[in-house]
């Protein structure tokens, strides 16, 4: 067993933050399991990781379907023959518009993708983490985690809920050695590729996905005497 | 139309806060529509209101089922032949226990009862409120609205979400004359009847349901120049 | 002693909120002691109260000078021959401008007026409140109580500090029957007189000082089973 | 000028966090200026730094005296012939006890040490940071930054105020390239030396001063696209 690499799982992978998270934890020595709804979101990231000599695998799943999420994690665990030590939950539903136009089933779908999926994924990885006395679970929050703005009800309800889940998990499992933290991403994100295609925009007005991923990594390597439960991230030029 | 009384709807009626809310708004001159899951929760309240000369009607509905909630409100509107001017949303799901034991479908049910039902009910009453340029929507929060404690994840996720909904609604509809507020009930509630049956407990260590209802009423009658969006309520002896 | 009226003290009296607070508590049956820096701020309020048949007295004092505040309260207590049952602390320092221009002594002065004066005044009234097992202390907060905005450092530092004082006092003295609450006034205030002189402005875009005072009164009469520690107040049209 | 090392200043240096901060920034390549009230607090830290080949100097000053703080920083600037690029403000006043026993002058002293000194120090380093378009200012907060507990009024008032200062500074100077962040240290701190002398206590129940210092360093090196304004730190076993 000594030769097996530790496993990190990223749920909610696309060309932006998800890809950067995968690359950062791969660079840190982890085998990375990638989960997203569409194969087309996963393949470019997996290819890039493998071309850099990293170990990665992809599984499509609907984050809003608890069974689907659990199955995907189980597939990764079996393939890597190892229990995940890190879970990065980066999936979220979104709805912009008036409360009058937010259909109950749309709110339910957003809640499923943002919160229920995070619960399901956590339940799938927690037992081994508890047994091993260590693990890291990081949730991606947003401005809407702290503020219910007009036109953002569906997003804010879900992100407030995810924050509550993170707090309850941190309080329940922290003493057992599992670090649960919530990262409030307050602003638009741009990945290196996106930067190239938008050369005329002020680069400093967007969060950099690789810098965000570095923060996740730093949270992961904090010693258990000195853990952060929540922090915010925003561009220097962002009004807040 | 001048003779019709204004209508207030209370969702989540039992012997405690729901009953006190109904009585307070009835005393304030409103016809009160009572909604709860069980007929047995509604009848004692309706009887007491009618015996005091107030106008009340009861409809059973599942707060966790958006269509059921909307139908119940529509039934009340038709019976009273008037659009609701006040909505008091007091229903909530609850789960106490480890995150490992919180089944995804139990979390979904709690979210439906606490948040999705509040959205559905609000959507049913808002159009007339907007047209009339006035209305009051009050949500019952809890300690768990602000804090995700260990063992309280299911409750906290739902109550955080309800708080977000309240904020987004206040910001969207406040300028149109609709007062949306969130009341954080931080402690155990006791109604007058419950007090009699527990004479040996320290009466001051429980919130009084009639005093809470009075606070809801005071929020309702605030002029639109001077509105509260959020307040807390707790016994003088409560640690916080 | 049965014939003596209870005493309320208002610190920080001018034509706006201070005057409205004095009138509301006078109308509620209190002898009112008025404290402000300038005689010219006090006299119109005292005259109006006396012309309405209320009992009032005025003492000039510098809220930023602890001894001055304590002396003023003592003067009121002796004149009315009764210990204050209510303290409304409405004084605050203010500075708008860059942090680079905020002289340390200006910050100290703002802190003295906003926080140290509130401490001194509270210390002067608390012993009798504790002995009597009841009392109400209400602090006037602001948007800046929750948010340190650019250009508002001096005000925000002071108002954050006042909020902390209110919380610590509530937690220490609540169980002894003393209700300490913090009211966040989020917006510009207009008193009835000011309204007349600015007829062309949108009246609903300002808080109404009499409506704010009514909220203070409602907080005061909450039973000890059901106390609010903090609430916000803003116009329906205010962005927040 | 190319050969001059960048300068970091630590205010509030003792055997615990202050020493660890100085060592971490020295290890990162900074000349470190140490400021504390007592020579005896400074000398062991300076000696340790110099024995490790780092550049350090010490100046005694009273953080609660704005002129004293400004002079100390100016002395360091002249000695190193360079403007400080980093300011770590770690000084704070403390008072534990009833609000009734918190003398106004004791509160003023706590505010001076915790907040006014931070303002004065910031004013001394900001002009050059603005001119250079970069700089880092980090404030040490505490549990009391977010919560006014009973018996902690003096500490909480000061720490709430420091948090407000940090927010206002971040909002004013962030767009000019200066990173201002606030670190909430929620729990007791133990430095490596202290650990040796208390071998029987649960090491994980204390924050590790070197791990805290690492977090300050990571905040310092965040790129300006992706800055944290606030985070918390606590032991895995801490209740919160």
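When the chains are written out, they are named A, B, C and D in that same order, and each has its own residue count from 1.
We take it that contacts are C-beta pairs under 8 Å (C-beta built on N, C-alpha and C of every residue); 3 or more make two chains touch, one makes a residue touch a chain.
Please read these numbers as outputs of a predicted model, since none were measured by experiment.
Asks: With chain centres defined as C-alpha means, what is the inter-centre distance between subunit A and subunit D in Å?
Replies: Subunit A and subunit D have C-alpha centres separated by 32 Å.
Asks: Counting in whole Å, what is the centre-to-centre distance of subunit B and subunit D, each centre being its mean C-alpha position?
Replies: Roughly 47 Å separates the two chain centres.
Asks: Round to the nearest whole Å and give the separation of the Cα centres of subunit C and subunit D.
Replies: About 35 Å, centre to centre.
Asks: Hey, what residues on subunit C touch two or more of the other chains?
Replies: Within subunit C, the residues that touch at least two other chains are 171.
Asks: Graph of touching chains, which shape: line, ring, star, complete, other?
Replies: ring
Asks: Can you name every chain pair that touches?
Replies: A-B, A-D, B-C, C-D
Asks: Mind listing the subunit D positions that touch subunit C in their complex?
Replies: The contact residues of subunit D facing subunit C are 66, 98-100, 102, 104, 107-108, 111-112, 115-116, 119-120, 122-123, 126-127, 144, 147-153, 156-169, 171-173.
Asks: In the complex, go through subunit C and note every residue touching subunit B.
Replies: On the subunit C side, the touching residues are 171, 174-175, 177, 179, 203-204, 206-208, 211-212, 215, 218, 222-240.
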